[in-house]
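Got some structures for you, see below.
In what comes next, subunit A is part of two complexes: it sits with subunit B in the first one and with subunit C in the second one.
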Partner chain A sequence: MRKLATVGFVLILMLVFSLQADNFFNLRNFSELSFNAAFLGLLALGLSFVMIGGGIDLSAGGIVCVVAILCSRFSFLGTPGIVVVVFGVVCGAFFGLCNGLLVSRAGLTEFVTTLATGILYQGLGLLFAFRDTGKLSGTLVSMGITNKSYLALGGRFSALFGARGALKDFHLMTVIWIVLAVAMYFVLRRTNFGLRTYAIGSHPKAAEMSGVDIRRVKTIGFVICGAFAGLASAFLVANMSAANASLGSGYEFQAIAACVVGGIALGGGKGDAVCALIGSVFLVTILNGLYKFNIPTYWSYILQGVIIIVATVFDASFASFARRLRERRADRASGEEAMRL
Partner chain B sequence: MKIRQFIGGAWGQRVAILVIICAVMAVFERQFFTAANAASVLFTISVYGTMACGMLFVVLLGGLDLSVGSMAGVAACIVARLVQDSGYTAEGVIGGMLVAFAVCVAVGVVQGMCVTYLKMPSFVVTLSFKYILYGAAPLITGGSFIYYQGNAVAENPVQRFVYSIGSARPFGVPLPIIIFVFFVVAALVVVTKTTYGRRLYAIGGNDTASALVGIRVRRDTIVAYIASSFCAAVAGVVLSSINMQAGQTTGNNYEGSVLMAMIVGGINLAGGEGDVAGAVFGALFVGLITNMMTLLSISPDFQKFAQGAIILAAVCINAYSGRRAGRVKLATAPAGK
Partner chain C sequence: MTALNLEKSAPLPSDVESRAGQTMLTAMGICKQFNGIAVLTDAGLDVRYGEVHALMGENGAGKSTIIKIITGVYQKDAGAIFIDGQPVEINSRQDARNCGISVIYQELSLVPALTVAENIFLGQEPGRYGVTARQEMRARVRALAERYGFQIDPDAVVDSLGMAQRQMVEILKALSVDARLIIMDEPTSSLSNAESERLFETIDALRRSDVAILYISHRLEEVYRLSDRLTVMRGGEVVGVLQKDEINPKTVTTMMIGREIHYADARTEKKLFEDNVLEVSHLSCGKLLRDVSFKAYGGEILGIGGLVGSGRTELVKCIYGALRRSGGSVTLGGAPVSKSIRKNIRAGFGFVPEDRRVEGFIPAQSIGRNIAIASHDRLSKAGFMNAAAENRWVEDAIKNYDIRPKDRNYRVANLSGGNQQKVVLGRWLAREPGVLLLDEPTVGVDVGVRAEVYEYIRYLASRGSIIIMVSSDLHELTRVPDRILVMYGGGFFHQFTRQTATQTAILLAASGEHPEEGEALV
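Up next is the complex of A and B:
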């Protein structure tokens, strides 16, 4: 129900934008839109594991920043593109593991820890970034990536397999994102790990009493979150063919917004991977539409903030509406039973 | 005995840290002890400190206000815009400040209502408002920075009043310091001497129990967000008059430093623990460490890294010492209880 509502909103938005803005409804824009949605979607997909488990991760932007720099540095060694992407995922997972260990083993508060590590990772990105003199005192420069096989991964399908097939205008990352979103849906809904994530999100004490190792599940959630941020970052760098250290600020907030809009509740235990997918499509569509209407960028900041609050209000009223509906149905059922007796 | 307690206690450590920073600076950088540098450090401290005094209320409740930086920026923009539009009249100055404070208080009320009535996590609400306010600032200024005209200030006494908040020195003390001290005293009185202060600690310690004993948790929470927003607005006006400009990036990302001040000052972000003195110490620490890194010409990039590392280290230390204190309490508890 909740997902259908969001999909409905997305369709309405797309319809309005298609009718009002003449440069919205075309293949080129949809390809761009789907790439942006895939980038945000991968972040939101990773974040959904943490958020369903009742936690929060504010370090996604920092991880994107440092992994982007590391990936572009690594790509200059001339390794095949796929190895660079794997390297990015491993780095992201490592940073996620740091978050997870700090939260679950050292017992620190999640949002403070990840806020601090987010700043820390962004600082690391700045330390590793390319400089004109090669020393820390030099000014930041952006280095164009020359590694061909890595660049091809960030491009469209036509760059990889020639100009054939229906997918030729879409990016490889978009396809990977959708495949992963479906896979993660089953990981969350069908595997033991996924069910434990829901358990610790909806009732941590009950989960612990029934033998769930909360610290372990939490740590794995953070590792997955970091790995997805690393994957998204590696593809983004390949697409932009350059990395700079200012990348990544604000993405953690967009990812949270995407999850909340999609229906992954802030308290945990609700929503799934498809919610994260729909939520990021929604957010990216709105941002794209604003861009097409030539609305100044500062409106997008205002909008993102408002969206989180509106989505929460919507969720709260939606939940109470559904509860009332259930109660009324139950009343009617018991009434009918009484009649029969 | 008392001296040993002092050295071993939190304050001994705090003073020791400040002394170490000063000693390092004395060895490596002569400029640290000049009057000009002292003034710049005090300005930094007074801006961060004023924000910290307000945020303390929210943090004592177990919340967090990440919107203080953007709030300061918006307040500065409103004042600058209205003063400029009114043609530098006294009404413009007073009206601008009233409008700025009213807007920030209203935003504080909305934040408080989101937290209490919608039951949203405090940091998500304030993070959302950080971006909303950050986006709203260019709407107020028209997209560019508003610069304070220095030479016009000397002629017009009204202008001098607003734009010289950063440079006025009644009784030889810079005005930002006086404002900072005023807010520290006010926060100290409210937190330690009023029932509202006691209620803050009670709600931060256990909000369900507080509600059961008849504390109006929602009202008190909203008041705390108002206090935080108001202090941030004042700090923003002071900041913009120190820098002689106001725009979108005024106060941007200050909440990181204020948060650092909170955590270094030993204020428990889970709520119910901490005091005004801790917030003041934190502001001193942040001001000194920022100044130290700038004077030692450490690159701003490393400063960002250091900021994250310090917050993380302080959180770890707080958690560790808190846990140790808890263990001691358990060990000394009478048997059979």
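Up next is the complex of A and C:
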């Protein structure tokens, strides 16, 4: 229901943009749009585990930053591209684990922990970047990537496998993102871990009473969130063929926005991986469309804010509407029963 | 945990017959002290398969303590527990579960976002490699429900279920781990009449399947309808065990109260202040409070009795403005009472809430701040507090109401319960409110402070204020108020004067039976 509504919105938007802007509806733009959506989408996908579990992660941007620098440095060793990407994922997962342990073992609140670690990771990114230039002061230097096989992973499908099939103009990351979104949908809805994630987000006390190890489920959620941020970062660097330490800031909030717009409640227990996917497409489509219309940037910020508020209000009023409907039905049922007795 | 096995769960008639009537749980000689105060002395209980065993007693009789010992929340100081005739040690909830004992909690422990089947198996999901075996889960829930004659859809999301059905899910969850004794603590307190009826059918089905049920309730009619035997507790001891045919309202309430102490009160008729009159007419608040009307005059102390959930807290909160009225009106001295707490305080209302920790005071702030918080209108000018006036105001209150320590900068969180209550009370008394609403004003305070609280209330009344006092303490209700209104099911049920009120009669009225004393209102 909620998902269909958002998908409908996306389609209407696309239609309007296609009709109004002649540079919107073409393969080239769609490939670019889908790459941006994939980057944001991977972050949102990871974040959805934390948010469905009733938490929040503000460190995704920081993880993107530090992993970008680490990946670019690692790629200079000349390892195959796939190894660099795996390295990025592992680094991201490690930073996620740090978040998870701080939250679950040290008992800090998630908001403060990830706010702090997010800044810290950004700092680590800067540190590694500066080491590279050998100067303590001075401007941030973008590091050009020279590792060919790594660069190829950031490109289009055609660059990897030759010009074949319908996918040739799309990026590898886009395809991986869609595949992972489907896989994560399955993980959340069909596995014990997924079930427990919903449980701790919806009613932690009840989950605990049922023997769910809340701290463990939470920690795993943060690890997944970090791993996805690492993956997104590794691909982004390969695509841009350069990394600098200013990368990543602000993405954490866009990812949260994508989740909220897609229908993952901030309080936890609601939504799924497909919500994160749709939410990301929605946000990126609007940004892209506005860009094509040459509408000034400030409008896109204002509009993003408005959309988040509208989505939240919609969810809240829809929930209360559903509750009233249910109560009325229950009232009628118990009334009928009372008549029969 | 032993999850229920499908093959084994098929009903075996011979098995069923062999268990009924046998003793499942025996607890005897149970003693328990907290900080040197005995809460249980030589208490015992035995529950048989296939029976509903009711447990009754006033607040503080030791019901919940003995339940917590049986379920492993507390450790007993002395005594023994036997399951199926074998001595057992229950030191944790897990031990209790392993013995086949499950509790259905008042606040339900289900996850709203998950389905019935997912909830029942949460924490011990079937399946391989972490992938949940959903078909198996559904089949097992269906088999379980069929076995006990429950009707429930395994795929329904719990959030969409009514309270009675949720309780059914809780019970199924208990049964899925082979519970043989199910303890229900006030299970109908959040149910409508039709829903209660459904729960009773569920309980009957359980009884037929030879599950042992320990049923705790304050509502006499339920107990008559359901229970096969009844254990009555008072003051940490078991007063008696009644068989089904011995259970009747008078016997039960007399056993619960014990010896009745009459306070021959020789006080002369009080002076009423006719110009200070609070008139409540047809006041309603959703389903919790239905069409309530009364008048109270200055100088009068009005007691409100009734069980938790009878609408008594909602009544005072509605008058004060803390709950939104859904119908009816309230006037004070002829002028309508606002729905805004802020305006009502200025008009002379004061309110001492039931749970002072949550609604009564701000723990991290000082005694002074907590007392002055309701009187900023009198202690400030143009939004700036007059520090000297505030300090004088606070020092006076601390002195008048004997709050200790006599230090206005002391944090309220570190005070004793009695002094915390004096801070909350002092905040209002300092204003000399025209109407003071009190919800359980003496819960968790010692005898000395209690007497002081009564004294302050009486003094305030003698100066012309209206006092409305909600209480579960029968002793207090028979002694302090001039008039007592007992609520039942969201409305007034029975009225007493101080002369006609006895503890037994109030208890009877609160449980939904009209006593001979006083005057029936419905």
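Operating definition for what follows: the second predicted complex is superposed on the first by the 314 of 341 C-alpha atoms of A that agree within 3 Å, B and C clash if a C-alpha of one lies under 4 Å from a C-alpha of the other, contacts with A are read in each partner's own complex, and residues count from 1 in each chain.
The working rule: contacts are C-beta pairs under 8 Å (C-beta built on N, C-alpha and C of every residue); 3 or more make two chains touch, one makes a residue touch a chain.
Since the model is a prediction, treat every value here as computed from it, not as a measurement.
Trainee: Name the contact category of A:Arg2: first (subunit B only), second (subunit C only), both, or neither.
Mentor: Neither: A:Arg2 stays clear of subunit B and subunit C.
Trainee: In the superposed model, which partner reaches more residues of subunit A, subunit B or subunit C?
Mentor: B
Trainee: Could you tell me if A:Leu115 is touching subunit B, subunit C, both of them or neither one (first, second, both, neither)?
Mentor: first
Trainee: Classify the contacts of A:Leu195 with the two partner chains as first (subunit B alone), second (subunit C alone), both, or neither.
Mentor: second
Trainee: Applying the touch criterion given at the start, work out whether A:His171 contacts subunit B, subunit C, both or neither, answering first, second, both or neither.
Mentor: Neither partner.
Trainee: Output check: A:Lys218 vs subunit B and subunit C. Expected answer is one of first, second, both, neither. What do you get?
Mentor: In the superposition, A:Lys218 touches no partner, neither subunit B nor subunit C.
Trainee: One more residue to check, A:Arg156. First (subunit B), second (subunit C), both or neither?
Mentor: In the superposition, A:Arg156 contacts neither subunit B nor subunit C.
Trainee: Just subunit B (first), just subunit C (second), both, or neither: which does A:Gly107 touch?
Mentor: Once the two structures are laid over each other on A, A:Gly107 reaches subunit B alone.
Trainee: Check the residue A:Ser210 against both partner chains and state whether it touches subunit B (first), subunit C (second), both, or neither.
Mentor: It touches subunit C, and subunit B stays clear.
Trainee: Touching residues of subunit B toward subunit A in the complex: what are they?
Mentor: 64, 114, 118-121, 123-125, 127-132, 134-139, 143, 248, 256, 259, 263, 269-270, 299, 301-309, 311-312, 315-316, 319, 323
Trainee: Quick one: which bits of subunit A touch subunit C in the complex? Just the residue numbers, please.
Mentor: Within the complex, subunit A touches subunit C at residues 190-196, 198-199, 201-203, 205-207, 209-212, 269-270, 326, 330, 333-335, 337-338, 341.
Trainee: For subunit C, which residues count as touching subunit A in their complex?
Mentor: 1, 108-114, 118-119, 122-125, 127, 130-132, 134, 160, 162, 173, 192-195, 197-198
Trainee: List the residues on subunit A that touch subunit B in their complex, please.
Mentor: Per the stated touch rule, the residues are 56, 58, 102, 106-109, 111-113, 115-124, 126-127, 129, 136-137, 140, 245, 250, 253, 256, 260, 266-267, 296, 298-306, 308-309, 312-313, 316.
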